[in-house]
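Once you've had a glance at the structure underneath, I'll fire off some questions.
Here the chain labels run A, B and C in written order, and each chain numbers its own residues starting at 1.
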Amino acid sequence: MATPPLALKLTGIRKLFNGIAALDNVSLDVAAGSVHGILGENGAGKTTLMNIIAGLLRPDSGSMEAMGTSLPAGGVRASRARGIGMVHQHFKLVDNQSGLDNIVLAVSKSLWSRKPQTVLRDIEHWCRELKWTVDLQRPVGELGVGQQQRVEIIKALCGGGRILILDEPTAALTPVEVDELALAVAGLANAGMTVLFISHKLHEVTRMCQVISILRRGKLVYSGGVADLSVEQIAEKMVGAKVDAPRLVQLQGDTKIHALLELESVDYRISKRTPLILKQIHLRVYPGEILGIAGVDGNGQSELAAVISGAVIATAGRIMRSGTANADAPAGSAYIPEDRQKEALVLPLPIVSNLLLRKYRQRPFVRWGFRRFGQWRGHATNLVRQYDIRCRDVDDAVGTLSGGNQQKVVLARELSDLPELILAVNPTRGLDVGATAFVLRQLLDARARGAGVILIHGDLDELLSVSDRVAVMSGGKLLATPWPHSTPEQIGRMMLGGA
Amino acid sequence: MMKKLLMCRVNPLAVVLVFGLMALSAATGIRAAAVKGQLRIALICSGSVTDGGWNQEGKDAILVVKKKLHAHVSILEHISPVRAVDVMRSYAMRGYNLIIGHGYEFLIPASQVAAMGGKTKFAVSGADTTKPGVLTLNFDLAQPSYQLGILAAMLSKTGKIGFIGGEAIPSVVACYRGFAAGAKSINPKIKVAAAYTSWDQPALSKSQAQAFIQQGIDVIYQNVDAASRGVFEAVAQANKSHNSPVYVFGSNSDQNNNPTCSRYTPASAVIRLDRAFLRVASQVQRGTFKAGVAPENLRNNVCIVVLNPKLMGTVITPAMQKALAKAQRELLSGKVHVKG
Amino acid sequence: MIRRLFKRIWSAATAVTLAVLVCGAVLTLAIGAAALLGYPPLRVADLWLHGAAGSWYALSSSCADACPLLLTGLAAGVAFRAGVLNIGAQGQFLMGALVAVALSTRMMICHQPVLVIPIALIGGALAGGMWGLIAQYLERYRSVPVVLSTILLNFVALYLAEAALQGPLQAVGTAAAQSPEIAGKYWLPLFVAYTDFHIGIILALGLAVLLWVLQERTVFGFESQVVGLNPGTAKAMRMPVTWRQFQIMFISGGCAGLGGAIQVLGQVHFMTAHMGNYGYAGIAVALLGRLNPLGIILSAGFFGFLDTGAFRVEESSLALPHDMANVIKAVVILVMLVLAGISLWRSRRVGNPGSSAPTETPSA
């Protein structure tokens, strides 16, 4: 049997950033006409590798071949000339121009050689091929994310793309759009295109790709057929260790003695002229339990979190903490906000400072109003080790860390003092498999030592896997559910406003 | 290697370069040596020396001194009074013989530097008081203004004349008083209006002049320095549409041949800065310089009326010339007394 | 520990480097620009350097000019670092000068120089601080952005000063809007006779070091930095955001006000409403010093050096026109900012692989 021709052949690619290997001796063969999945955790080097192929980055060593001829490193034009087209995770479109103009702009070789007519023929050809309808007349900014992505893909195809790189294409899509994209990708492969599909979502990759390559910390750890590995094996290879999905373990003894937090008939509105956002919220959290609050985004979860964390004051009702009426969050409670970059971290500041944002005023970190850097660094170094925050130095800016590591910084700061009450809002948003498991395990550990946890979370599967009790936010009301004596489908229906 | 040196955070090369050059420049100390015995004068102006007004006149005057006395002259523009202390001291330290602060605002700085000692003499133009060690040139336009008042009263057909000043400060108000007194000496019933606008906004002085002309005023005496262009424009426009002519007088410098309406500018009250500066410079040269207030007026030929030669005999009648000469005699003899 | 100390010095030196680098650029440019316009280039460079740093006197003159710039630069730097966009140093400087002049000429509480000088300095600083607080009050309770109100208050201060200097504070016997001269015994003493080295310079340097310690070493400085970089997080961490902003504004305005007071008591000894654009220049000084008080010392020194040198070239026998000198100054500063930009860009690119998060966010 003749081996299929290779679309891409990478040999010994190595790329250092500041002395750290982002890619270490990666060799990769991509067969023409295949859908090739590139898997890896955040920061594993997927995007770096793709940028090198697209000519946006220059590797420190290694060689590349495309369609059998050698591909010079670091040249966007050279890569495009060989038919390599990249669809970035964050689209590179001009928002106030129409789809057609965007494509013409990208395809034209110079300002004087625009030929909208021929381009339009190309576009129609590809739309037929992929069975797509795309609105080419409206400004791109007015289109939905899915439509924008189509414009991007057609742009790459019209530019002569034969090897298409899709960087995290499903990150912003709805499930229906994901399905449509899967069909299109299959159609592209049938038409002889090669697709490089980058993702960290296992089930999508296993569904769409025939061949996968797995990167872990800059090294290629697997390249082969997708059917040869189970999902668990793939996850294990990505993370480098067996990933246990965190599970709830029933605790012994009756711990419902006193509520850590009690909300009674709490209302909230922004001002007198606006409608109520929170209506008659009743809520109790006891030590040693995780109270999960599910719901479709925008049903009052953010406001509930703000009321509980003390960021805003309830319009009506009563909030009791440890049995006393106290609207302010006491020292012993932790808050893991939804937007860690806006509410929990100061990105330009070093990791040390971020780890001490809660405690910088306490002894021994301060003396006579002066910061004691030795103590700060010692404390931070401990936390970095304890929470496995991967960084070069504790003096590096937190902004240089990956999303997962940033969240670890938040967790380390908020949870290391063994708080009684923990409020976490979408704590795994944007994190990969390993980091998600880490975050959920931390919450379960806190529960095991007797802390009460309120988990407001948009991902229902994760929420149900760790919650003792589940309530649903819908239209500003908090509804109790009989979980665990109900099915996920019943809860899903409640989220959508059904009974 | 070179690239690395250049991109290094603390660039040793630059440090060496800069301090080396500093040391070199300090060590060489090649200063342009002054011609021995040459008079060295510095003129300090608060605005631009191309402003077409007070500062430019100062520059022109000092250049006359430079030519006549073969002096070395340095002119510095855009110097605020607070900065002047440093600048004047720097001149004094470099052995300048005379430093002229061109404007009353330089009195305090000049006296500060004069108090530090040294041989340098200090003069300030356009002030009426003085401080120790400073000679102030007190330009008194009141007397020529009196003469212009006489001329205005004789020119006016409507019996209404007007005065526009840049700011109601004593020296400008004195011009108005002299002007009014002169006019009333000819026609006691004449109406003299006065307005104060701005030194540097021609648009403002133009609209004021237009308002005057609307009220029937047909002779305007302006003392608004660089804003005079506006008055001239208003007068030029009025003369295009009016049957009876509207006249305007210049001030400070000879504005009779201004490009806008020189045919309607019969006379200017002129400060001959060059004469004043020349006198002071000569005093410094001869060693007769004395601090104090120097009255600069009709008597020492510094503040005078200059008639427009082109209008002599037509607009300016012999009767007017006679009246002006008579007024001059009376002013000089003290028979008529004008006080600001 | 030693290594860390070294690293700190190293990074503080970054700002220095730029200043130093550009000193070299000054020469090159002065030479180049002057040559283009037909002035003998080497003479211009020589006069410039010599006039700014060629003798103790010249050096003192540069330092005295840098002193108000240092204080307004600190005012801008301290505020920007805490996210308080105070661009009203000009007005605060004027108010400081005004109060200091009033306290040392007309509104004398006593006549002992030992008392009058500190009272005038403190009065000036307080006046500047209070003037700043007006803007902060307007932002907090009337939703007027500080950027806007500080600019507008600059004009209010200017005309207020003019009114005062033509009214109660006007010197006797002049038509100019000028204050009377401050009596010699109330001038700031010199620490080197026959120069411009007045103790105000030492005071300003001391203040810069103090502010550096405050910013880099204390909890207060840490909090204000967090407030400046990310008010959302600061609020979530229960930092007293508003209170810190008011304090920072007071310190910032106080610096500028002290600058005005020192300028009148130490350098010019009387006052007009046009004291120079120290307030606005201070913003450039602060940005050039990368908002670091120690960096601001250097960048203020550099500006003073540039200014004084320019005057010496103008008043020299070369008679370089004032506008020409300004062109050279502007080009030099521009080149410096470009160099600063390059170094910032470099440090970012090296600092974080793949991520676009800035390692240093200039707040303005």
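One rule holds for everything that comes next: contacts are C-beta pairs under 8 Å (C-beta built on N, C-alpha and C of every residue); 3 or more make two chains touch, one makes a residue touch a chain.
The shown structure was predicted, so the numbers you read here are calculated from the model rather than taken from an experiment.
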Graph class of chain-chain contacts, one of line, ring, star, complete, other: line
Most central chain, judged by mean C-alpha position against the global CA mean: C
Subunit A-subunit C separation of Cα centroids, rounded to whole Å: 45
Distance from subunit B to subunit A - Cα centre to Cα centre, in angstrom: 75
Between subunit B and subunit C, centroid-to-centroid distance (C-alpha), Å: 35
Multi-chain contact residues (two or more partners), subunit B: none
Subunit C residues touching subunit B - in the complex, by the definition given at the top: 10, 13-14, 16-17, 20-21, 23-24, 27, 45-46, 49-50, 53-55, 57, 61, 64-65, 171, 173-176, 178, 180-181, 184, 196, 263, 267-272, 274-276, 308, 311-312, 314-317, 319, 321-322, 343, 346
Subunit C residues within the subunit A interface of the complex: 4, 217-220, 222-223, 225-226, 229-230, 232-233, 235-237, 350-355, 357-361
Residues of subunit B touching subunit C in the complex: 7, 9-11, 14-15, 17-18, 21-22, 25-26, 28-30, 32, 42, 48, 72, 74-78, 80-83, 85-87, 90-91, 93, 104-105, 107-109, 111-112, 115, 127-129, 169-171
Contact set on subunit A toward subunit C in their complex: 17-18, 20, 22, 47-48, 309, 311, 335, 337, 339, 342-349, 353, 357-358, 360-361, 366, 369-371, 373, 396-397, 399-400
